[in-house]
Every structure is written in structure tokens, then in C-alpha cells.
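Input: structures, listed below.
Both of the next two complexes hold chain A, though its partner changes from chain B to chain C.
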Partner chain A sequence: MIRIKDLGFSYGENVVLKDITMNLEEGRIYGLLGENGVGKTTLLTLLSGLKNAKAGQIDIDGHNPWKREPSLLTEIYYLSDEVAEINMKAIEYAENYGKFWEGFDLNKFIEIMDSFENDINQKMNRMSFGQLKKTHIAFALACNTKYLFMDEPTNGLDIPSKAQFRKAVMKYTREDSTLLISTHQVRDLENIIDPIIILDRQDVLLNASLEKIAEKFFFDYSNDRKEGALYCEMIPGGNIQVLINTTGEDSKVNIEALFNTVHLHKELVKGLKDEN
Partner chain B sequence: MKTKDIFNFRRFGKYFVSDLRSCASNYWLSMLLISLMGLIIYIGTVCMGLAFTGEWSGPDKSFRVFTFVVSMFVLMTTMPVKCYGKITEKRFGTAWLMIPASSFEKVLSMVLMTIFVAPILSACIYLGTDALLCTIDNTCGAAIIPSVREFFDFFINESIATEGDIQAFPALAHFVKEISCPWLYVDDIIGISLWFLAGAIWFKSGKTAKTILAFIALSMVLSMAITPFMSTYMKEFAMRMTVMDSQEAVERLFNMGIMRHAALVDTINDTVANLIMLGLIYFRIKTIKH
Partner chain C sequence: MEFNSNKSIYLQICDAICDRILSGDLPGDERIPSVREYGAEIGVNPNTVMRSYEKLTSEGIIYNRRGIGYFTSPDARVKVLEAQKEQFLNEELPMMIKKMRLLEISEEELVRAFRQTHATV
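After this line comes the complex of A and B, so read on.
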């Protein structure tokens, strides 16, 4: 389990994260959303031990990630938004580095590469950005780590690959794995992320499961304009409106509409924070 | 932190092999070119000789020793940048830092690669090729290894034995003998390699140029720090020269502890400097952020 308490981080005078407190539970795929510059990547790098927190603490199964202890690193994989063009064939890369992660499965790597229609014998520095990204995604999933942090994983992927990515995440991640996926492309991940974390400048606006969100908000897809809608947007064939759920009626959460609602009504939604 | 999180033989072995493979894929071509530089220069010189004078003449002994030294220097300056320089870039650095091996194991592996594996492998290829060429072509003079030994032997035996002036100064002769041991310079070579390794992982761009500039800057600072001490020392020496026989003054100078045990002092100095460099490299790897 990941416990974050009063976490603070700044780049010089620019405070990015302030007093962030939350827990990330096992077996869940968290979607990390937020505007540009709110600290999504910073949070992921702090969790991966690539940066040192200026205040507060991060506890991952009793370890401080900044110490970069091999016993913790073997349970973590961080997929950066920028991936490296290694001067090796994909299969050589997997063989050369995969052995450091205890759960690494080369067959799984080959299988995922195959599902992405990527050639394992192609040199990584001769791949297109999308192919390279898919290779790193395949490697990340094949590592079978307990904690998998991904920063904009669907950036640069073509449409079929995005679908393959969703399938691969659902199929190849461990039952007890905690995934934290930062993204702006919420539609790419709409059906796999739950709970949702929305970061704002120096704050967490929302950290709640879809079930809890649906309890609090009602997502209306009818053509009629409803009074008291917190957010309204025209979509092909009607409107999408977000209302306070007063009747307890169930509705399908539209993450993009939720994100916009949260940003328009920050104070209102702060009460929704899921402390679990 | 548990001991197994600092060093584990099995994990280090795995890491070292993986580091070797990664370094080979990034640097093998440059290393091969540097290692075969002697052969390339030999072929070039012979071809030029045949073209311009019509005679078969390879590069002479001293030129080959010079190109060997230059090639090894080029290797020491370029290898760390090619193999480890990318860890300061976010794309490569994040993946490298996340490899489940300890900072100590990563540093140990890169140091072994930089100061032993790459230079020894390259020097063996270079010197082996040179020895082979000299076996085939008897106009080459002599192979590099015996030539280097000869240079130091000349320094010790010929120079001291034949130069009447030096023979008259036993303490000076002892000093010359002390500093003429080839092994005395091994720690300097290690120091240069470590310096360039530190530069490769410290600077984000212009790594080689900045490393050389940093070396010049440090040398200037150290010179300025030593100057007051040296000027007092030299003044005292000059004063002694005026009040006593110059031969006695020179003998006294070279009989002082620091001169008498020049090799030991140099070794201690270089060892301390190299340990500081190792500490800096470890600190950098331990605290690098992305």
C-alpha cells in the first residue's frame, strides 16, 4: 500500500504540491488527472524515487522510494512520458534488463509485443515513437510489478494500439497491482481507470471511486436542458449534463465532463474526497 | 537500509554483465576504431611513403608510442560519455535509475568498466596489433611495450649513470629513480579516467569540454592555493643557496622527506584524490534526480 502524507514539492519558488495526503490501495487502477503543470508527473516521479520530497513522506510497503533500494525497485516500474531509443533490439533489451525484476516474464513481453504488432527483432533506435512507446509498455507490463506508474502512456499510440493497450492492462497486470496512470486522454482509459484522482494546483480536488462519484453526481445524456446543471456540454445527438445526484439514480460517469465539473466547482467537490 | 540492498554478489554479477552488454552496444565501434588506430596509422604511413617516395616506411617507434598515448587518452575521455553520459537525460536516466540494483553496484560497475575493462581491452588490442605489425615488418624498429620500458630504463640507468652532474647529487639521483617507475603513473591514469567519468555523469551537455575546463579551473585554484607555500619554500631554498654550497643546498632539498619519498607521497596524494573522485561519483548517482 502507498501512503502519502503531507507531501510537498517545489521547483525553487514554484510550489507544485502542498500538503498532499492520500492512500493508494492494492488491486486498483488509479487515473491521475489534472491540468498542465499541476504536478502529475512530479507526483509519479516522487513515488518512483526519482525526486526527493521537500516535505511530508511517502511510504511504499514500509520503504521510502527516494532511497532506491533494490528490494523496492523490483516491485516498481515507472513508464515515463518520454521513452529512450536504446541501441539494442527490443528482445535484447528485454533479456538484458528484464532479469532485474523478479516477476519479469519474457514470454509475456513477446506476447504483448505481438499483440501490438511490434517486431521484437527491430532495433529500438530505429523504431517510430509509437512503436518505441509500445515496446516500453510491453516491457513495463511484463515486469509484473506490484506498483506500476505510467505517465501519459497512450500518447503517440494509434487508435488500434490504444485499444490493445487497454486490453493488455486488463489482461497482464497482477490482481494485487496498484496502477497509477496519469493522462490527458481520458477517453483512452475511460473504461479501465477507477478510482479517479484529480489534482489541482497544490491540492487534490478529488480522489474517489467511480461508484462514489456516481452516488454524488448524476450524468444526464438527454436532449433537455436541466435546471441546476453544474456542467453542460453539447455532444453529438444531445447534451451531457452533470447534476448533483439527489435521487440516488445510477448513471455512467463521463470522466471528461467530471473533470470539467470539478474545475468549475472546486469547493463543492472537495467534500467528495475519498479518504480511503 | 539492509546489507542486501547495498550489495549483493549475484545481483552485481547480473548488473555488470548487463552494463557490459549495454556499453558494448553503445561504444564498440568507437572503441574498435581507437584500438586499431595504430594499424590505421601504419597503413596510412606506408601508403603515403609508397606514393611519395616509393619506399616502404612505417611510422617510427616514438611516433607509435605517441599515437598510442593519444589513443588511450581519447578512449578515456570518450568512453564514459558514450556509455554513461545519457543518464543525465530524462529519457535514459529514469529507466537507468529504476533498474533494481543499488547505487553502489551501479557505481562499482561503471568504475570497473571505465578504469579496467575498456582501457585494458583497448590497450591489449592496440599493443597486440602493434606487436604483430613489428613481427611482420622488421623496419618498424621495436614494438611499443619494450619501447616504453626502454624509455624508463633510459631515464633511470643511462641518464643517471652517464650524466656527471646527476651522479654528483645522490639525493637527486634517488629522486629521479623514484619518479621513474612506470607503475607510479597508473594511479594518475585511473585519476584521469575517474575525472572524465565524473564529468560524464555530472554535466548535462558539453560534457567533455566542461570536464576539461573544470580540470583547468581546479588546477588553477590548487596552484593559487599552493603558491604561497611554494614561494616561501623556494625563497628559503634560494637563501640557502646564497649561504651554503649549491651542491649541498640541492642535496638538502632532495633529502627532505617529501622529495626523499616522492613515490610514496605521490601515491598517497593520487589515492586520496581518486577516493574523493569515487565519493563524488557515488554521491552524484545517489542523488541524481529526474
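After this line comes the complex of A and C, so read on.
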């Protein structure tokens, strides 16, 4: 379990994160959403122990990631948005660098590479951007860590790879693992991220499961204009309207509409956080 | 799996399983995939699949054998049939009638069309 309390970080004068408090539970795939520059990547690097918090605490199973204890680092993998071109065959890279993670499974790496239709004998600096990204994703999943943080993992993936990515994430992660995936491509990840975290300038606007979100908001896809809609967007075949859910009826959460609603009505979602 | 845009995913998963039970593709007392297996197969968060399984369990359509997994109930088909019949009569039929009124289709016209279509499908 990850407990973040009053976390703050700034780059010089530029405050990026301030008073961030939230918990991340086991066995969940969190989607981390937020506009450009709100500190999503900064948060992921802080959790991975690559940066030191200026204020507040991060506690991962009783450890502070900044102390970089090997026993914790072996349970964390951070997949950066920018992936390294390495002058090595993918399989050699996996054999050499997998050793840093206790749970690394080379067969799993080969299996995932195969499902991605990636050649393990290709040099990583000869790969296309998408192939390179998939190699790093395969490596990340093969590390079998309890904590997996991914920054925009679907960037650069072609259409079939996005579906393969979703399947691989579900198939190859541990049941007790916590995933935190930052993304702007919510459609790529729509059915796999739950709970949803929306980060705003220096604040967590929302950290709630889709079930909780659907209890609070009703997503209407009909043609009739509804009175009191918090948000309305025309789509082919009607509107998406977001309303306060007063009847308890269940609807499909549209994450893009949710994001826009939350930004228009920040006061309404305050406190919409799952009880831990 | 193709999802439509306006029904909650966990309910669409329930529908898909019920459809397979109705068509006979999934017989009674048959093991169904674990939430993780099924989630991976259809690209959906296991917690969502769990919600679907919980709903189907509470309706007696599937059941959990501790330590083994989920199975369809022996009388799953009858259960699904009853539930869907009720849903058709209580929800879909009123919608159809509303639409008929909107399109000014009379009862006689409907009966005629019903008989014609019935012979062909």
C-alpha cells in the first residue's frame, strides 16, 4: 500500500505538487489523469525514488522510496515516457538488466515480446519507436514487481498494439500489484483503469473507483436535453450529458466527459474519494 | 469484445455471459474463466469483471466453488430466460410502444408486420 501525505515538490520557484494526500491500494490499476504540467510525471518519479520530496511523505509498505533500499526497489518498476535506444539485442538487454529485479522472468519477457510481434533478436537502437516502446513494456511487465508505474505507455503504439497492451497488462501483472498509469489517451485505457485519479494544479481533484463515480454522476447518452446537466458534449447520435445521479441508476462512465465535468465543477467532486 | 457506449461495462459483461447461456454455448454447471483470465481476454479491469460475477452470483446464474472458481448454475438457462423475459416485458416493450406512437404505427400495422417478419427470421 502506498500512502502519500501532504506531498510537495517544486522545480526552483515553480511549485508543481502541493499538499497531495492519497492512498493507493493493492490489486488496483489506477489511471492518473491531469492537464499538461500538473505534475503527473513528477509524481511517478517521486514514487519511484528518483526525486526527493520537498515536503510531506511517501510511504510504500513502510519504506521511503527516496532511501532507495534494494528490498523496495526490487518491487518497483518505473516505465518512463521516453525510452532508451540501447545498442543491444532485446534479449541481451533483458538477460543483463533483468537481474536487478528479483522477480524478473525471462520466459515471460519472451512470451510478451512474442504477443507484441516483436523480435527479441533485434537490436534496440534499430527498432522503430513503437517496437522500442513495446520492448520496454515487455521488460516492465516481466519484472513482476508489486508496484508498476507507467508514464504514457500507449504513446507511439499502433492500433493493434494498444489492444495487446491492455491484455498484457491484465495477464502479466500480479494479483496483489498496484499499477499507476498516467495517460492522456484515456480511450486507449478506458476499460482497464479503475480507480481514476485526477490531478490538478497542486491538488488531487478525484481519487475514486468507477463504481463510486457512477454513484455520484449519471452519464446520459440520450437525445433529450436534460435539465441541470453539469456538462454536455455533442457526439454523433446524441449528447453525452453528465448529471448528478439522483436515482441511483447505473451508467457507463465516460472518462473524457468526467474529466471535463470535474474541471468545470471542482467544488462538487471535493471529497469524492474512496474510503480507505 | 465490442462495447456500446451507453451501458455500464460490468452490465455489458453480464449480458454477454447471459447471451452465451441462452444460446447454449455455455451449458449449466460449466466452469467459467477466472476474473483475471476473463479480464485479460476481453481487455477489461479484473475489478470490473468481479462486479459482473458478483451480480450474476446474486442472481443465482453463476456460483463460486471456493478455491476452484466460478461455475454456471445447473439451472442457469432457466434463470436467465426468466430474468430476460421480465426485462423485455417491463423495459423493452414500453420503449417499443413509445416508439410506435412516435412513428404513428397502429396496432394492426404492427400485427401485420409481426406476422410477416416472424415468417422470415
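Criterion: the second predicted complex is superposed on the first by the 275 of 276 C-alpha atoms of A that agree within 3 Å, B and C clash if a C-alpha of one lies under 4 Å from a C-alpha of the other, contacts with A are read in each partner's own complex, and residues count from 1 in each chain.
Everything below uses one rule, namely that a residue touches a chain if its C-beta (ideal position, glycine included) is under 8 Å from a C-beta of that chain, and two chains touch if they have at least 3 such contacts.
Note that the structure is predicted; figures quoted are calculated from it, not measured.
Participant: Based on the shared chain A superposition, would you classify chain B and chain C as clashing or fitting together?
Facilitator: Overlaying the two complexes on chain A (C-alpha atoms) leaves chain C and chain B fitting together cleanly.
Participant: Could you say whether A:50 touches chain B, chain C, both of them, or neither, answering first, second, both or neither?
Facilitator: The first partner, chain B, only.
Participant: In the overlay, answer first, second, both or neither for which of chain B and chain C A:110 touches.
Facilitator: neither
Participant: Figure out whether A:186 sits in contact with chain B (first) or chain C (second), or with both, or with neither.
Facilitator: After superposing on A, A:186 lies clear of both chain B and chain C.
Participant: On the chain A superposition, what angle, as a multiple of 10 degrees, is formed at chain A by the C-alpha centres of chain B and chain C?
Facilitator: 150
Participant: After superposition on the shared chain, which partner residues are touched by A:232: those of chain B (first), chain C (second), both, or neither?
Facilitator: Touch status of A:232: no partner.
Participant: Given the touch rule stated above, what does A:67 touch, chain B (first), chain C (second), both, or neither?
Facilitator: In the superposition, A:67 touches chain B alone.
Participant: How many Å separate the nearest C-alpha atoms of chain B and chain C in the overlaid structures?
Facilitator: Minimum C-alpha separation, chain B to chain C, in the superposed model is 27 Å.
Participant: Across the two complexes, find the residues of chain A that touch chain B and also touch chain C.
Facilitator: Common interface on chain A, chain B vs chain C: nothing in common.
Participant: Which chain A residues qualify as touching chain B in the complex?
Facilitator: Residues in contact with chain B: 45, 48-52, 67-71, 73-74, 76-78, 80, 82-88, 92, 96-97, 99-101.
Participant: Which bits of chain B are touching chain A when the two form their complex?
Facilitator: Residues 1-2, 4-5, 8, 11, 14-15, 18, 21-22, 25-26, 86, 89-92, 94-95, 97-103, 287, 289-290 of chain B touch chain A in their complex.
Participant: Mind listing the chain A positions that touch chain C in their complex?
Facilitator: My answer: residues 27-29, 163, 166-167, 170-171, 175, 191-194, 209-211, 214, 219, 221, 235, 250-254.
Participant: In the complex of these two chains, what residues of chain C are touching chain A?
Facilitator: For this pair, the touching residues of chain C are 3, 5-9, 11, 36, 39-41, 43-48, 51.
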